[in-house]
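Next come two complexes, and both contain chain A; in the first it sits with chain B, in the second with chain C.
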Partner chain A sequence: MRQILKEYTYTPATIQRGYSGKSLYLNVSDLRMEEKVVTEFMKEKFIGGKGFDLWYLWQAVTPETRWDSPENEIVMSVGPLGGITQYSGTGKTLVCAISPMTGIPIDSNAGGYFGPLLKFSGWDALELQGKTEKELVIFIDGNKGLIQFCDAEGLPEDSHLLAEELTRNYAESEEDQVNVSVVSSGSAARNILYGMLNFSFYDPRRKVVRFKQAARGGLGTIMLDKGIKALVVRYKGIKGNTNNPADVATLNRIGVKYHKEMHDLDEKQNGMRKIGTANTILVMNQYDLLPTRNFQTGGDPAAVNISPKVFIEQYLTQGIHDGCWYGCTMSCAKTADHFRLLTGPYAGACVTVDGPEYECVAGLGSNLGIFDPRAILEENFYCDTYGVDLISFATTVAFIMECYQRGQISREQMGGLDLAFGNSDAVLELLHQMARGEGFGPIAGLGIRRLKKLFAEQFGSDPALLQDIGMENKGLEYSEYCHKESLAQQGGFALTNKGPQHDEAWLIFMDMVNNQIPTFEDKAYALYYYPMFRTWFGLCGLCKLPWNDIVPADNYKTETPAKVPEHVQNYVDIFNAVTGKSIDKEELILQSERVYQFQRVFNIRMGKGLREHDYAPYRSLGPVSREEYLSRQELYDRQLREKQGLDPASMSLDEKIATTRAYREQQFELLMDAVYKRRGWTENGVPKPEHLREIGMDLPMLLEVIEPHL
Partner chain B sequence: MITVNTREQAYQAGMTVRDLLDRNQFTFRHIIVRVNGEYVPEEQYDKAPVQDGDDVLVLHLMAGG
Partner chain C sequence: MKILVHKQELCTGCRACEVACSTAYFKTPDRNKSAIRIINNDNSFHARKCTQCGECIDMCTAHAIYRDKNGVVRIDKKLCVGCLGCVGYCSELVMFYDDDLTEPFKCIACNICVKACPENALEVLVSKAG
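Take a look at the complex of A and B:
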């Protein structure tokens, strides 16, 4: 066992109706542990999960706090529904901190066992504060009521080895490994700003440690900067009623109904149990939405080479349960087992690759012009074990590749790497450079916002072009959809709290294909309802996928099939069954909105969160280049005729591009106006005091922040 | 003329729901089709007629990752 530097004992709290009622504060500067009481105020206003994270983070930081300030906290919480085993997707841990990418709170969620085991060990939330030179492993034993700060010396750097060793070390037997979960990052996270966190779970069927990621916003970079090499929790004794719900019979009834839907309908609907979220790769390609070569186009004929069929038939193990928490019959966490690596420090080793998820195939594949499934899986593995957020990595590399393509940077300036679209060897070498802290790796690890400045100042690149093609907003890289033909989704990315991640709203089909939300008011409603609804998953410890990646057979009969009303009611009933409360679907939205508005004000407190911070790069809104315009010329010419009353035949290509741009930028401004109004914000994006009062969030601490902006 | 998702399109004599889906390259499996408000089950796509003047909704049920 590891050398113990400091040890505390505690009496684990009993879980009552989804809450332990206690949270754990750990300071690594002085190896201090404190228990805090989770108050009724916290439960009422913030519910749990991301709500608790943001509440504690607000107390910990000041407007001057930066990502590497000792007072910055990593806070994690699973929420009151987290850990139930009756319904699918109930093991999500929400993690928040001030992000190195954005300077504002990031929230990121992960499956795996850590969050539920933490709660069952007696803690509704965990705060990590301080910094230490001597790297630590923090161990929580929820059965013994034990917390240890341990020396991390001699441990491997990369997650697939580190988590395996810690799982083996802290489990009391081989069978006990399922009761241990590790949070770790990897060697690259020391050298880049978008390092991520792996949340482990032991797979007894494959006999390997597997991972889900809290990937966005640099959480792994922060944890290693604090000197925390890994967190380990152990808890044995998971049962169907460990959450001590108010009404277990209702939980069982709803769960059985849902699992039957999954069994009967998944194969007819999205096929989540065969391929997971990557089922949509060809769909995105067919609908011109698959980001290709830095979001320049929405597809490529070669996408057939990275289709779900290829992964299913050639790589992904089928027929084994793949849930990342107990009771999940969606079972979408697929793996490529016995995958032989060809590059890097582990070349020749056979490993289990967790994934690939949709964002992985689209980001590390098509958006880099790579249509080789084997290369994508190798990139996937190394991003995971090195602790790299593959979305930020992929979108950043796509940007670099286009800069190279357009002569904005040279091969010499990239340290000799030939980062041309399609060159997977160069991409893998870049990843290995990140892990070694050498060459162009740490530079690419700065992310797009910093690279735009660096390329312009040091390489003489054209700053206006870089601004147009650099797919970041608020400092965070866009996730992987070519969404420029959907005005609603332009807002779905840019008008978010943490930056352009698709977990607030994905409206492309409703908007672009179904044409269900044609007016600004319609779009504004969608950009109110869906972000609020989806925020709720993060408050409660839930995964979004079971909401609408499988829907009831009679969902078509409802007035609002996109909302999946029966599943919304399931969530209301589950919440009430666990907590003993009596909310309805309107109160559910209100619970979310309180936290959503709190986060917006938090952004303002940190010097952002205003209209000027919500603008999108033009690549998100429309065609930047001549080639992009020509790739959809028929559509763009028709829009000039129908929407602007112009005759494209009488215009030059450059005139058409400029006119289209002026129109689309104006449309985005109008969208912002409509969304801000619907969300109860001023024209500058500031929540209005009267709106905060209406939703019961007129807290003095919030009013004080917004007052100078009114 | 017919309307598909509130946008006008040319009518083609004898067209079925399947023809309409193919023409629009609506390849996503998880859809709801309504012709003049009436739900059309998937097993009827090949035979269900679309008439001149019909209002067709093809709702793609997807709300992202």
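Take a look at the complex of A and C:
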């Protein structure tokens, strides 16, 4: 057992209708623990999960707080529905902090068992504040009512070893390992800004510790900067009624209905149980949406080499449960078992690789010009164990590769690494450099926004070109969709609170594949409704995939198939069944909007969150280069004719590119206007006081922040 | 492998099996708590009860379902988390649950209903397979 530096005991609160009513505050500077009461005001206005996180974070920081200030907090909460077992996707922990990438609140969500076990240990939320030189492991035992600050000395750095050791150490027997969950990062997170957090769960079939990630925005970097090596929670006794719901019969009925739907329809629809989110690779390729070589194009014939079939037949274990929380019959957390590593400090070892998920295959694969499934899995493993946000990593490396391709940086400036598109050996070496804190690794670990400045200032690169091809907004890297032709997704990325991550408004499929939001007004409405609807999952501790990665057989007959009305009603019913409240689908959106607007004002408070921060790099909106235009010349020429009434035959290529650009940038401005209006914002993107009053969020603290901007 | 077999031609639909099952396991004559359910289909009776196919074993999200040494598929109540995934996933619709209980339940070919059946319409067969 580890040396205990400080220990507290507490009486675990009983869960009532999804809430323990208590939150836990830990300060690592002075090893202090405090219990806080979760008030009715918090439950009413913020619901839980990300809502609670943002509420506590607001109290903790000032506009001057930076990511590495001691007062910056990592806050995590699972929400009132988190931890129920009857419905799929109910174990999500929401994590917030002031991000090193953006300087504003990041919110990131992870599966794994930590959040539910934390709540059942008596805590609706956990705040981590302060900083310490002596690295710590924090242990919470929810059965014994025990909190320990322990010395972390001698522990391994990387998550696959660290979490395995801590799980074994803190479990009371081999069988007890399922009752332990660890939050950790890895060696690279010490040297880069987009370090992530791994949330573990023990897989008793494979007898390995597995992970899901709170990946975006540098949460792992912050946790290690605070001196926290790992968090460990242990709680034994999960049942379908541990959350003490108001109406377990409704929960059971809806849960069974949903499980039956998965059983009957998954194979006919998305095959989530076979391949998980990577099922869409070939569809994305077919529709020109698969980001390829830094989003220059939307696909490549070689994508067939990284198709779902290849992963299913050659790598992924089939036929057993792969959920990241109990009761998830969607079971999309696939693994490649017995995978032999070829590079890095663990070369030769046989490991379990969690994934690959869609973002991994698209990001570490096609967007880097890599179409080798084995290399993608090796990159995936090292990103995970080193604590690297693979989306920021992939998009940053794609940017560097294009800079190299276009002669903006040289091989020497990259420390000799030949980061050409398709060179997976160089990508893996870059990852190992990040882990070792050597060479070009820590530089690439700064992320695109800082690299644009650095390349322009130190290497003489063309700042205008870097601005166009650097796929970041608000400082966060874009996730992996080539969305130039989807105006809705352009807004879905850039008009977000935390930065361009698809979880807020994943509209690309309904816009480009299913053609469900064809008009300008449809798109503007979608950029109101879906961010609000999707925010709600983060308030309650839910995963979004079970909402629309399977749909009822008769969903297409409904008035709004894109919303999946029966599943929306499931969520309304589950919320009421747990909490005893009686919301309807309109109140559900209102619950979200209160937190959404709160987060927007929080951004303004931290110096972002205005119109000027919502612009997208042009690569997001249209073809930057001649090659890009030529790759879809027929389409772009047709658009010039049909949308602008021009004759492309009489125009030079550069004229066509410039005219297309002007038109698309204007369309984006119009979209911003329409969306801002829908969201109750001024033209400058500031929530209007009257709108805040309308939704019951005219809190003095918010009005004070927006007042100077009105 | 042990498996409960229902002889449709002998069954009169008296439901003595349901009463015996729920009384034995849950101390109440409540068919909603019986692991065998007699279905009346135009006065022809058939029984819904587990075929011991084991489809639920691998899909169990808590690793709580297993096949015992007699080939009978059983639920370890200590490990079960009451997610009811197995109920939705049972192709035969013979994994049951009740809102009074924290775990689902199923036929384990225990013979109690066989003894209770006045028409000898039930039998536990033991096959070498499995």
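Keep in mind that, in the parts below, the second predicted complex is superposed on the first by the 700 of 710 C-alpha atoms of A that agree within 3 Å, B and C clash if a C-alpha of one lies under 4 Å from a C-alpha of the other, contacts with A are read in each partner's own complex, and residues count from 1 in each chain.
Keep in mind that, in the parts below, contacts are C-beta pairs under 8 Å (C-beta built on N, C-alpha and C of every residue); 3 or more make two chains touch, one makes a residue touch a chain.
The structure displayed is predicted, hence computed values, not measured ones.
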{"item": "Chain B versus chain C as contact partner of A:Met471, first or second or both or neither", "value": "neither"}
{"item": "First, second, both or neither for A:Lys239, with chain B first and chain C second", "value": "second"}
{"item": "Partner chain(s) touched by A:Arg205 [first = chain B, second = chain C, both, neither]", "value": "second"}
{"item": "Which of chain B and chain C A:Ile448 touches, first, second, both or neither", "value": "neither"}
{"item": "Contacts of A:Tyr258 with chain B and chain C, given as first, second, both or neither", "value": "second"}
{"item": "Partner chain in contact with A:Cys328 - chain B first, chain C second, else both or neither", "value": "second"}
{"item": "Partner chain(s) touched by A:Cys383 [first = chain B, second = chain C, both, neither]", "value": "neither"}
{"item": "Which of chain B and chain C A:Ala249 touches, first, second, both or neither", "value": "second"}
{"item": "List of chain B residues in touch with chain A within their complex", "value": "5-7, 25-30, 32, 39, 57-65"}
{"item": "Of chain A, residues touching chain C in the complex", "value": "85-86, 178, 204-205, 238-241, 248-249, 252, 255-263, 319-321, 323, 326-329, 331"}
{"item": "Chain A to chain B touching residues, read off their complex", "value": "268-270, 277, 280, 283, 286-287, 357-359, 479, 481, 502-503, 505-510, 513-516, 518, 530, 544-545, 548, 551, 555-557, 561-562"}
{"item": "Chain C - residues contacting chain A, complex", "value": "58-63, 81-85, 87-89, 91, 97, 99, 102"}
